[in-house]
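First the structure, which I've put down as structure tokens, then a few questions once you've had a look.
For reference, chains read A, B, C and D in written order, and residue numbers begin at 1 within each chain.
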């Protein structure tokens, strides 16, 4: 299982969470990555944790102001999220951003709201898709409990399109129990945010998440 | 073969083109539809021609200003384009707009730039996909001549995902010969714009388009 | 006072409301206009009511799919809203859309959230600005009661920039009393939506709105 | 005069350019700042150069994925560009982003295409506005030569709205002569990009830019 922690724009200490994630990953022998804002990629990657961007632009080098170039991200990070429900992209831009990320050597995790959209993004060739029903994000109610068919449907939908694409599960994940439930439903990773970033003790939250693996 | 004429925002007479299209469709026994701006849907549909919108919003009734509601479009039109390269939508909005259009009883033609994107939109369940490499739009060089593999690749890509989805072919189509070439490559329709809307004699252009069918 | 009724995408009968608005305007000698979706501009204008679009595109004739061209709108309508809080535009696009609307002979009403933004849009030269705090839209609590300083501030802000720009007042307007309060605060019109479009009896709602004028 | 170098997404060495800018600023006693992508803010600021972001989001801490929070930017940078013609913002978002930047203690430079838009953004209270006709960006033809009235018009327009707002001049600036011409037209700074970032010798280009000051 892969645990990917999206720090969003939360008022947290990204470097402290990154250090905790690096430690927990080492101790538990589990992949744990942290996805800070672009501004924090350099300091977060400096901790040695596996680092993801939250987004990369669908463009290459050139006259683009305010962009997040995959090539610049790749100086620090190992991968990137794309098309998160808080940063939805146009279809053609998901396609172009995946190409840009792949060319820069970034691992790609493209988000989708439901099994149909999972199939659609899987057709564009990311390394993984993350299914996250927007209505469950931040609720603390895991999709594995609220609507397990979305996870099994996503696994089936991605598999029909391209069985080399991993499926992660997001929205409402906060405990080790949620991670195990996600694995039982066929996903090979979890995407979470507030469960760690807004936890009183992010290290303890991370330890709990990987405790059953 | 289905001939779908996108009038875009060209400085043309949409009602005159609609009348010519209705006549040519009747005379040739070929499906010919006209897609005007939303503002012109009512007068165009009033000619009796098969009418498409150029876009519908991914929302339903409610507090949405400046939208193009599928339900309002369906009072006049038979179908709608979606995700044209000049009106690219976010993936989640293509999904929602397809649902809104389907609920309103509209036939849906979703556009895509290349075979990968064709597979992606086909996974969302439109009635048809139209493959249009943006770099060929308006050039007068048909995709069937410039890059026939894009058309055969689109037909194959859509078929793998959902073989009930029709594939249309766009970009650079302007003559009856182009329409026949598109059919030979496996598409069941053509999407064109300037070839009719900017023609000196739109009726003659339409007659030429269907002349070989 | 000018009463401008935005029908948004409400599930209402735009032609029936247009007829009622035309009658009420005639009977009371008050300007009352109706702003339907672009799809309904032709049938609404056919009633003879003063007709506004909810939005026009910042572009002219050309290869623009899914746009709402000012020139097409002007075949039916007298004016247009721009930059409504449900259809916010980029600053450069407000500028370009105002130019396009003006060239097409449309009266322009540009919306803004607060006095600073009123000053900003006034600097771009619309015929009128409408101040609408987004948090009050659809509440039934008129801005004139909830926060009268926003209206007086908007009137002052517009006047400092360009005293030929009219100031309208929106958000939460639903009664004749609200219209009078808006006038007392210095505005020369009101922008409203649900108060008429979702009323059980839109004609009675319109009659009440103009009753004190 | 203030020299603000926007590195855009150019294929350059941002840290090397930052070091050169810091040296040139020190040697000449002129304010020179560098604006890298968000990803490069930390390493660029580490050189000690005055650092600007190219953009900040109109939102504060919270559930925002792929954003560039002003508070995160302010850990490294001194200021930010906003509404560059390659990253145009909706009017309400310029207003909110200016508020977010100001609250984070960032100096703000808001861009605009022409004198009308300069007046509009000046009304929102930035520290400075930069007028950049988009058609001249990257041409090497300075706006001071191609269309000096745009610069003097911008200075006049900003002054009428708020005379505490500085006016910078962009588009086509590449030499010390261009900087002097910009000063003569009434601007107190220049915004440039390719003239430094794509120069064979960025340090020499910077030295030339400040040579006449």
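Just so we're on the same page, a residue touches a chain if its C-beta (ideal position, glycine included) is under 8 Å from a C-beta of that chain, and two chains touch if they have at least 3 such contacts.
This structure is a prediction, so every number in the text was calculated from the model and none was measured.
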Self-contact between copies chain C and chain D, residue sets same or different by half: same
Chain pair among C-D, B-C or A-B whose interface repeats that of A-D, sharing over half of the contact pairs by residue number: B-C
Chain pair showing more contacts of the two, A-B and B-C: B-C
Rounded Å distance between chain B and chain D, as computed from the means of their C-alpha atoms: 43
Intercentroid distance (Cα basis), chain B paired with chain A, Å: 36
Distance between chain centroids, defined by C-alpha means - chain B, chain C (Å): 33
Residues of chain B whose C-beta touches two or more other chains: 85
Residues on chain B engaged by chain C in the complex (per definition of touch): 6, 8-11, 37-43, 53-55, 57, 59-69, 71-73, 75-76, 81, 84-87, 137-138, 193-194
Partner chain D, residues of chain C touching it in the complex: 83, 85, 88-95, 112-114, 116-117, 119-125, 157, 161
